[in-house]
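The following pair of complexes shares a single chain, subunit A, combined with subunit B in the former and subunit C in the latter.
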Partner chain A sequence: MIRVRSVDQPTLRDPAASGRVFFVGLFVLAIWQMARLTEFDLLTLFAAFTDPAPRNFLLGFFPPAHSVAFLTLALVETWRTVAIATCGMFIAGLIGLPIAILLTRVLSLSAIGQPQFGGAVFSGFLRRVLRSLMVFLRSVPELIWALLLVRVVGLGPTAGVLAIAISYSGMLGKVYAEIFESVDPLPTLSLLNQGASRLQAFAFGLLPQCSDELISYSVYRWECAVRSSVILGFVGAGGLGQQMDLSMKMFAGDEVCTLLILFVLLVSFADWASQALRKAWE
Partner chain B sequence: MNARWVALFSLLALIVASFLSLDLHWLVFFETDSVQSMGRFVLEFMHPDLQPQFVLKVWYASLETIAMSALSTLIAACLGLVIAFKASGVRPLLNLLRAVPELVWASLLLIAVGLGPFAGTLALALHTTGVLGRLYLEAIENQTDGPAFALRAAGASSAQVFFFAQLPQALPQLVSYTVYRWENNIRAAAVLGVVGAGGLGQMLSFHLGLFQMNKAATVIAATLILVALVDSLSDRIRRRLG
Partner chain C sequence: MRVELQQVSAGLDPAQAILQNFSLRIEKGEHIALIGPSGAGKTTLLHLLGLALAPHAGQVLHGDRDYWAARAGVRHQYRAQVMIAPQTPPLPPRQRVVTAIQAARLAYMGFWASMLAWLAPRDLVEVRNVLAEFDLADKLFERVDRLSGGERQRVGLARLAWSLADLWLVDEPLAALDPVRARQAMQVMTGLARQREVTLVASFHQVELALEFFPRVIGLREGKVFFDAAPKDIRQEDVAALFENEKGL
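After this line comes the complex of A and B, so read on.
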């Protein structure tokens, strides 16, 4: 038997209620689990303000450390941060550019029917190997590279330079190759067909079309490298970050404050410098 | 053309000065001692520790990493909404939050709340609040104010205007910003731990500190898998949306 509800007695039941309650419940459960996993406890945070050590650390922020000796040290470390980023980027370019040239299909001699060592199959295979090597280099975070390299070459700027060089060469290799493939291939192909070598075709067919883009991307990446070289210092790879880590471990709030100010100034300087360079180039 | 030469020259000068001023030790790679120890490193790396007990620990650390990123993004999104609704005056504070990197926040917070994932979660939340707060504010300020104006003209309160005109209009954009930041935060959370702020990173620096390369290799592999999963997932989501 079918029960018919009369029209003037509208039902007030929400048809989606059970689903809604279910999802809200699931959400609350997920948040509760996540809070448990991350040991989330706001009481610790409040307790920190009554604890003398963190409070004194924070109170120490003002006034920032401004003795001549410390300022000199901090400025030297700031320069070292820039130098680490610059050296790392330079080496990354030295590795990334040739690989990008090898990866570029437009420059392939076997693709235009010229017999090459191993033939098209071999060069295709080589390209695939190089490409996955690049993927590997850049998918390991640079901080992990630095952490590993500090164990190999010891504390100091060498580890920082190498970490930036390794992870940025993977990135540069990929992006340079993409830039090379995005421009008009005809000049390059006609040079190759005239009998030019791969390098000649690159230098006279490909490079003139995209040198602006290459420079501007590299300078932008340099700016990123400056920022990440500060971070790398925290695992012992030299520069501003290492000094900051040291000052934090000594609970020297005034020194940390000075270093943080220097960091912000450095980042805005790098931003300004990279924009100025790019503008000058165009 | 002149400006180009100046730019090129200053770039070259910067590179030369950098190499001259740093005390780089390239010879390390040619000393027999260090080459041998490097060889041992690599050899041990090739044999990651895959004992079920240890893999379970790595799995737990991965969950911790994901939880850190998700919870911090959620906190930042809530704070960002509050800022977008009422507190557009905190812009300088947002700039400060954003300017300090997650890792620096984490090591500052370690002093306050001690080692562990809580410090990492708070650090991510602080930095992300700076980023999302600004993006939310801009999304709401840059939208067409027709709907908001209509509601205000009809006598709606500012809360009503926000929840019935401004928020629904900006919602798709806010969601996409938030998901993008979450993706970033997973990557950040995986390495944040190297200063002691929980997750996979803390485990990695712990085992590397003890020179247990086979265990470190397992942790790095887990990090790579996590990052690759996030990348492919976000790629798929983006392709479906775009």
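After this line comes the complex of A and C, so read on.
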């Protein structure tokens, strides 16, 4: 048995307590201030059921719209969403891949044999310009690109395709370049030393080392593109989102419900397809 | 083609160039073995001869031409004549042997021809025959990462044999091979080089094999030529002195 000698202090104080109390207080204060700022009030949600318009909208969710005409329309729009994502990704790849190849230092011919220079001044400058172009392309979210493009090319899927193509090309270019830089440079350098061209060295030395990562990342991005093209529809860029926007504006709860179900199915399909594709490749 | 180094300084770090004021002359079709302790500058010398490393000072002449003074495009075109086989074979792990071998002739293919070869390899029989020289005929469609270290090194040599270069620069080609395989690989490599009248410069740690198969052997030590002679003129003491630890440890 351990015997604790009593100390000549009537009360003991935990030295960490005041700090904890302070930070908990600070946290509560911050949440309260933010809730005020965002006008968050749970009571409005309950009030919705006493107001006839929101109540009818919510009650209208059941049963979901299931007329053949509407289901056909909704399925076509769902497939259009997949098409927007796929075409956008394809164009993004067409832009991103060449830029990634240009950005890859291993593939630089001027750098061979001159480690002290690290490549010529001009190609270093070109790389910096391309890199900032990529940053610009991906720092503007695809939603903003879609808003802009709807005003340029008009309402419809074209704006969605272009919005995804632009913002994803920046992302793909950056990540592809990072993947290329991460592999063993020796095979690529060795081919360049034998007089192979840059693209040949890329295809025979670099690509075989990272094709798995490349495909896996691209499929994952395609999955993201499917999700994001639904949202793009809300600003008029076609597909499921645009249909959902129309139904909401008409307070057609049953249609919104059907579209939401389709949306969930679509996202889980994309999720499943991307996992299956990646597994099949490994 | 004759290769000549004139008072060359070279190395990754200009402040501590491993080769300093280094001169060497190699005639067309000559076979030269480089031996010497690790860090003596063997790999640097091979890279210098193969235009894979630019000298800080001095001249590297192929024929009578200094390709480092030429435009980058001209220099790169000339690289098709040169094949450097590094010590660790530079083969992408997930590539198949047949594709890895064919990559040796990329400089002689147009872009579209090489893309076609990438999808569907050509000259399968010839490539298999080259592999057969190194006892690897059955590995034609194997993936590189499924091969053992020794097999990979022999694929590297088969790749050298498949190239159309007339200057072969080979870095430690026998490092991962057992004694029997090493002798066999040495026979095939020097035999092919003689048959095709290729200039061959190779570095070795196996001194006996180098002395047996090469008419000219250069001993390198601390970036300097320690001896440069025919094997019959190299005594045991010379070799011992070449590898002797200078600190006497």
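Following the convention adopted for this analysis, the second predicted complex is superposed on the first by the 228 of 282 C-alpha atoms of A that agree within 3 Å, B and C clash if a C-alpha of one lies under 4 Å from a C-alpha of the other, contacts with A are read in each partner's own complex, and residues count from 1 in each chain.
Quick note on the criterion: a residue touches a chain if its C-beta (ideal position, glycine included) is under 8 Å from a C-beta of that chain, and two chains touch if they have at least 3 such contacts.
All values derive from a computational prediction rather than experimental measurement.
When the two complexes are overlaid on their common chain A, residue A:G124 makes contact with neither subunit B nor subunit C. With both structures placed on the common chain, the touch criterion links A:W79 to subunit B but leaves subunit C unconnected. Of the two partner chains placed by superposition, only subunit B is touched by A:M248; subunit C is not.
In the superposed pair of complexes, A:L260 makes contact with subunit B only, with no contact to subunit C. After overlaying the two complexes on the shared chain, residue contacts for A:F40 are found with subunit B alone; subunit C is out of touch.
Judged by the touch definition given at the top, the superposed model places A:G60 against neither subunit B nor subunit C. Across the two superposed structures, the residue set of subunit A contacted by subunit B and also by subunit C is empty.
Only residues 12-14, 47, 50-54, 68, 72, 76-84, 86, 88, 90-95, 99, 103-104, 106-107, 109, 111, 114-115, 118, 163, 165 of subunit C touch subunit A when the two sit together in their complex. Subunit A meets subunit B in the complex at residues 31, 33-35, 37-41, 44-45, 48-49, 53-54, 57, 79-80, 82-84, 86-87, 90, 139-141, 143-144, 147-148, 151-154, 156-158, 161, 227, 230-231, 234-235, 244-245, 248, 251, 256, 260, 263-264, 267, 277, 280-281. The part of subunit B that touches subunit A in the complex is made up of residues 3-4, 6-7, 10-11, 14-15, 17-19, 21-26, 28-29, 34, 37-38, 41, 63-64, 67-68, 70-71, 74, 99-101, 103-104, 107-108, 110-114, 116-118, 120-122, 187, 190-191, 194-195, 198, 201, 204-205, 208, 211, 220, 223-224, 227-228.
Of all the residues in subunit A, the ones that touch subunit C in their complex are 109-110, 112-116, 184, 186-187, 189-197, 199-201, 203-206, 208-209, 211-212.
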